[in-house]
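Labels run A, B, C, D and E following the written order; every chain starts at residue 1.
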Amino acid sequence: MAPNRLQLSKFRNFNPETDEEVDIEYSSPQPGAIPGTLDLEPDAPPPEIILIDYNEHNAERFTLNSPQECGAYLDTESVSWVDVLGLGNQETWRELGKIFELHPLIQEDVVNVPQRPKVEEYENQLVLIALMVILKPNHQGFHREQVSFVLGKNYLLTVQEEPEQDCFDSVRDRIRFNKGIIRKQGPDYLAYTLLDSIIDGYFPVLEAYGEQIEDLEDEVVTNPTPRTLDKIYRIKRQLLNLRRAIWPQRDAINSLIRDGNDLITHEVQIYLRDCYDHTVQVIDMVETYRELTSGLMDVYLSSISNRMNEIMKLLTVISSIFIPLTFIAGIYGMNFNTDKSRWNMPELNWDYGYLFCWGLMIVIAASLVFFFWKRGWFANFSTIRRK
Amino acid sequence: MAPNRLQLSKFRNFNPETDEEVDIEYSSPQPGAIPGTLDLEPDAPPPEIILIDYNEHNAERFTLNSPQECGAYLDTESVSWVDVLGLGNQETWRELGKIFELHPLIQEDVVNVPQRPKVEEYENQLVLIALMVILKPNHQGFHREQVSFVLGKNYLLTVQEEPEQDCFDSVRDRIRFNKGIIRKQGPDYLAYTLLDSIIDGYFPVLEAYGEQIEDLEDEVVTNPTPRTLDKIYRIKRQLLNLRRAIWPQRDAINSLIRDGNDLITHEVQIYLRDCYDHTVQVIDMVETYRELTSGLMDVYLSSISNRMNEIMKLLTVISSIFIPLTFIAGIYGMNFNTDKSRWNMPELNWDYGYLFCWGLMIVIAASLVFFFWKRGWFANFSTIRRK
Amino acid sequence: MAPNRLQLSKFRNFNPETDEEVDIEYSSPQPGAIPGTLDLEPDAPPPEIILIDYNEHNAERFTLNSPQECGAYLDTESVSWVDVLGLGNQETWRELGKIFELHPLIQEDVVNVPQRPKVEEYENQLVLIALMVILKPNHQGFHREQVSFVLGKNYLLTVQEEPEQDCFDSVRDRIRFNKGIIRKQGPDYLAYTLLDSIIDGYFPVLEAYGEQIEDLEDEVVTNPTPRTLDKIYRIKRQLLNLRRAIWPQRDAINSLIRDGNDLITHEVQIYLRDCYDHTVQVIDMVETYRELTSGLMDVYLSSISNRMNEIMKLLTVISSIFIPLTFIAGIYGMNFNTDKSRWNMPELNWDYGYLFCWGLMIVIAASLVFFFWKRGWFANFSTIRRK
Amino acid sequence: MAPNRLQLSKFRNFNPETDEEVDIEYSSPQPGAIPGTLDLEPDAPPPEIILIDYNEHNAERFTLNSPQECGAYLDTESVSWVDVLGLGNQETWRELGKIFELHPLIQEDVVNVPQRPKVEEYENQLVLIALMVILKPNHQGFHREQVSFVLGKNYLLTVQEEPEQDCFDSVRDRIRFNKGIIRKQGPDYLAYTLLDSIIDGYFPVLEAYGEQIEDLEDEVVTNPTPRTLDKIYRIKRQLLNLRRAIWPQRDAINSLIRDGNDLITHEVQIYLRDCYDHTVQVIDMVETYRELTSGLMDVYLSSISNRMNEIMKLLTVISSIFIPLTFIAGIYGMNFNTDKSRWNMPELNWDYGYLFCWGLMIVIAASLVFFFWKRGWFANFSTIRRK
Amino acid sequence: MAPNRLQLSKFRNFNPETDEEVDIEYSSPQPGAIPGTLDLEPDAPPPEIILIDYNEHNAERFTLNSPQECGAYLDTESVSWVDVLGLGNQETWRELGKIFELHPLIQEDVVNVPQRPKVEEYENQLVLIALMVILKPNHQGFHREQVSFVLGKNYLLTVQEEPEQDCFDSVRDRIRFNKGIIRKQGPDYLAYTLLDSIIDGYFPVLEAYGEQIEDLEDEVVTNPTPRTLDKIYRIKRQLLNLRRAIWPQRDAINSLIRDGNDLITHEVQIYLRDCYDHTVQVIDMVETYRELTSGLMDVYLSSISNRMNEIMKLLTVISSIFIPLTFIAGIYGMNFNTDKSRWNMPELNWDYGYLFCWGLMIVIAASLVFFFWKRGWFANFSTIRRK
């Protein structure tokens, strides 16, 4: 598939049927594990750690070999964004936990993915769990991963589930080239900006579903097949999953705005209101799509019944016309002995008996055709046609 | 179509099937854009700006060439209504932002249409986003656009998405001819009046849907077709969209009444209560119509099944009558050799064999017709008739 | 129809199908009209105005020619009930507005009927909008009109939409003959009494629907027709309308009890609690009936499918029995030349060929009948019978 | 039906179809009646009045001839339980009202049955309206009546709708034999105990419904008939009624616990919490059963469609096999003149023509049977069998 | 079934159809029983009682013969976990009640299982009722029992319904081997840990349902049978039961967090928040599965209708092709006397009459096959095939 064709039919390749990544099975805790147990693969490589340290005048970017190197930057007045790409191993978390003084439950929430999105307040720290969805470049589905924020006095620690991709490049550019007001603000504004990027990433995914639903609206009336039914059900299931991801995010942001927190300035709260609005828009769209999908299920059933009516009409028309004719043919196929009695089937010996018989048949067939035509039964046969 | 015919069948031409404008896809933010980024076409013409400045004694109307000309009027005690028709370009917003001291997020909400209706309080300013719907003159659908209000101490800034039409002419007349109490009141009363006009504009649109639903109520019982199903589904979808637009408007007005605001006098709050009532009435109607539409979907399915029963009855009646008769004809079409044995089909040689055979057939057919007539199967065939 | 027959089958004549008066389309405001604009016919006759002035000792009744005549009675300590029958014309409201010092929005709510039921507090006045339903004398439907209450210090102003009928006669009698405690109480008790009469008027209407639903419960199982479906849908729609009327009435009374008001004494609040209970009972019944109606819709669909099964069984029984028999008759109607070969249809020349053939047919038919009888297919045919 | 058979199949005789007593039509007030009007039959006999007066040391039981005889016991410190069995007549209530100083609205609520369960506080009195359900001894349905409680300083007045039966015998025994702590407690504990007995009486009724639903779960899949549908609908309706009775009881008890009342000691409040828990359990069960009933309705519809498929398969199998065979028989029943041309039906004169014809038929029939067998059409026919 | 096969298809053997243990019928109180009556079998054996007494330095484990032996440990500063395995008999509870000073209502809630999960505060004690579910070792269903917690100053009393199994072994290990912080914390932390183990036990059960639903998703589209319907309904019922168990558990934990309690330290409250999150995740999953199950029911019905369409198509195709052909064969089977008139069936004497007749039939059959093929009727027959 050439890329320029993808350019044309933007989301058409988005395939909700094969994309299973969208299913959210929450990380199921090891029964009986000690709270704070980290569910990590023992031989996982250490994560990539990017530190961006900036203030109004400067912005520097470092790739760290070990979490311990952060230490020097955290105490300065400048904002330190520590971006951990990948979950890493036990060693990583022992060091991270020490440097950032992370409560064991914070570590559990960050590492045992996926968790339900939420905001939790700890002493001197604010933890925010969010779920990022990214429409894949070729639009063949979307990628989903957890992003965790730990907001402190002068720093923001973010942990991404996978190192490959995120939607934060534009934020990195804004820091680097000092666009907007980001360099003048603290780590709370940075957290808001990243959260906003995550919420904005839901829109293209939802638009892809919107287009899928529109396609199905046609299909369900003109050519409903079992595959159509399957597609509707799968979209319904995926919307249920998206809804499960976005509702707690709304609650989390709302509790931030309502309850306030020392780590978040009044000015950033105004921005969070804007972010909250976008979240509510996403929820609005998900709920509307869900109701439309339920409606489509009803339309599908009605459509199938409609189609059945058409099939039954065809059968009825053909049967109703030919069964009486066959009966007449049967009558004159009887073998009553015409020689024995003049009452026995005299028609057989009429000069125009055969023609009379055909005439009778034609009259009956024509009457029935007229009867059905009057009731409009032929008008609708076009709908059986496959398009 | 002649206009006087439209006069007769007022809303009949309203066509929910082809009117796609009613779909609300919220403005999807550019992922990663700086908050406050305006999504404007670079070469858009500047908007038309109408300034109406009035107090109890005078009312003047100006067409401004540039936002900067507002400056002189804003500081006076008189009420200044700055009506911006069209979203304009970056230049316009740079100037508007400077003169009215607009927060970047206000500009984003006003320009990146459509936004979810809401009320937001800023220092010295109150921002209200509303959605206006206008039934088109020939009743062939409706027009939808966002109207944004920025209410300040002595001024009201309104921004309309498109310059062509609005529902504010009667308000302009009231100011010009000093009707009612509008000239004695401040910009808060003006904002209320405009908002009230917007809410009132929902009623004719809903009445159009009400009439559509009434038409469908007949159609769905007397002559259900796949087109009927399609219409019901589309009305359902459009009502979902209207509901998405009107619910947040209710919340916004409610929060204004409940929380109060320095910019809104106690007297205007009483009027807002009235406006709130109208909004709730609109919601009542939307919800009722939505439930009726769901009911119609069920009725449709039942109607289709009913129709199937009628078709099946017809097939069963014809088959049940003719199949036994054809069997009898088949019997006497057998070729058993009557010469060989007197047990072989002696009826064939009876004098009245043929008549006896007809008699038997007529008796059987009459019995079956009587059987079906007693069960009332013929009474209902009229319902198959297309009206 | 003789009246004594109506007496027998009390609510049976109640006809939900032709009664369109129950639809509540809220008064749709003139777009852009000045708030407080009254939507009156210009040449309407003045309303009938009845003034009942009473205290513990006396009760007098006057028919007034003009609202201005009220003036003298309003200032006295006695309770003045000004009952305006009909909406009247602009002149009436100019005078009423002046004497009772009515806010323009009160006038709008009272005159532009129907409004959503509500309670609104104004300075020194309490406004209550209620919806009265009256079962028509011959039980052929019900009448619906708005009743507005304006409660002041020593007076109660009530405005009825139409002069013909109301449910207040017993209250008038109680005042006239000094029954109960009404003459010892103030205008707040009078308002409660009238409101209670209105709520009580919902019960007979709901009972009429209850009986309709019971009739439909039988009909839907024994003899479902498209007309049954239509009736269920119409009752559903009318219950939706009743619900729209009664819910806001509950909210209004509840807010009165919860928030209190200077114009309502503590003792009357206890009575209002009773009135609130009745409203909740009405809501309970409406909601139960609504759920039953939805259930009936499902039962209807299942019933139709059941009936289809019966029809299909009949067709299948007849086809299954006669098609094999016809096939056998067809076999022995073949013309293979028995003279050419002794393998060609030797049965035709058997002495008992014909009897053998009949025997074969009877055995096959009997086996099939037995097969179907064992499966209980004949047991259910009785259900096709129309009762 | 012998009683020991009833013993075996405990609730099986419970018949939801004929039991109409469960329908709750709230007492519909006489329109326009004076508040406090009692809806009693004028010539009703006086009720039986049982007075049980007890303290920690003694317990006495009296049958009173007239309410006036209570007087002496009410003023003592001992707890007086006045149990009025039956609603009695106007005279009864005049006296009861005088002795207990009952507000007219209390009398109305107690007498005009059924009322919505509720708790109302009056000066020095607490009124509680509850609905008692009792599974009938032979399990053929249940009995329903209103029990009203008036709790005063040293007394408890209970009024039962009918004198025949109640679920209070164990409480009477506990008082008489001084079991538990009841004799050490005040009238509030007595009221709690009686209320608890009423709530506990719901469990056997619900279990009877649970067993009915379980029976229907089998029936609906193995042998769905119109009667099944009727039963599901009736259970649904009765559960709606039970729900209408139990929800307000929960609210009433909850408001007692939440708001407290001088007449209820802290210790009894702990017991009320337990009673509240039982009420919530009842609600849980009612709601679950309601959802199961709705599920059953869906299963029923699917089951009917399944059955239709089986019927259609049978018809299709028989038609598909015999229609081609009949066609072949028809071919060789044609009368083309074999003498005129050797192209005319030479098969008729073949030596093995007839056998060839049979062979052809058998091959076709066997192929079709194999075709259907491969598709598993025969495997499912067993499901048509009535069990 | 060999164990290693079970290992492979982990949850596949989980059989929701035969597992009836999941049904939750709340313990129905003996009508009229004294509050606090224990519903125990009189001759039940005494329960096994395990006492684990630990502090930061030591941990000891005792098996007690009688509750009285606890006494010595309860007064010490160390944490005493008294784990009662089995409900025991009246004697047990008399002793337990005396030693732990249990309110009769606590005893009732603990013994009369199952109760609705809840938290209740008593003086110096906190009672928590929870419901434990354990996936059985061979995954053939799950086991359900009530676990009751009584939390006191220095002790935790837990009572399990059955002695066989629980999910607390890892907690016992943590105490024994001093893993995590459990030995440094009080009995509140122990209670949290046990509660957390119970909540975590829901995840494997829900995953088993998730896999069942996924299997059904395939089955319902490819091969829907009445058994499929039965399975969907049963899963729905079991999810309703799980939901009834987990919702009150959420409310209980939430009320603990919100209201606080002297017996629970601030630090443990942070851990309870984590436990609350897991409960909400379980609820999320239950609700999603419930919605999916409802969706499956709709898909099933549509699937059955689809299948019906396929059957009808097959019947229609065969009937439509052979009925006209049989009619033609019938025509030429008529016995009109060709000798009498040249108009009587001259085709019979044509040289190529028979061939012409076959040609006519083949043309008709081919046209019809083409007609159906064009409409795609043959393409779908594959879906009838059983997979």
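Following the convention adopted for this analysis, contacts are C-beta pairs under 8 Å (C-beta built on N, C-alpha and C of every residue); 3 or more make two chains touch, one makes a residue touch a chain.
This one's a predicted model, so the numbers in the text were calculated from it and none came from an experiment.
Interface of subunit C with subunit D: the two copies contact each other largely through different residue positions, with under half of all numbers used appearing on both sides. The distance from the centre of subunit B to the centre of subunit E, with each centre set as the mean of the Cα atoms, comes to 42 Å.
Note: centroid distance subunit D to subunit E, computed from Cα atoms, is 26 Å. Looking at subunit C, one finds that residues 301, 305, 308, 312, 315, 319, 323, 326, 330, 333-335, 345 touch two or more other chains.
The ring of touching chains, read from subunit D in the direction of subunit E, comes out as D, E, A, B, C.
Subunit B makes touch with subunit C in their complex at residues 167-171, 174, 179-180, 182, 193, 196-197, 200-201, 203-204, 207, 210, 217, 221, 270-271, 273-274, 277-278, 280-281, 284-285, 288, 291-292, 295-296, 298-299, 301-303, 305-306, 308-309, 312-313, 315-316, 319-320, 323-324, 326-327, 330-331, 333-337, 340-341, 343-345, 374-376, 380, 383.
Residue ranges of subunit D in contact with subunit C, taken from their complex: 25-26, 28-36, 103, 105, 108-109, 115-116, 118, 120, 122, 225-226, 229-230, 233, 236-237, 240-241, 244, 297, 300-301, 304-305, 307-308, 311-312, 314-315, 318-319, 322-323, 325-326, 329-330, 332-335, 338, 345, 347-355, 357, 384-386.
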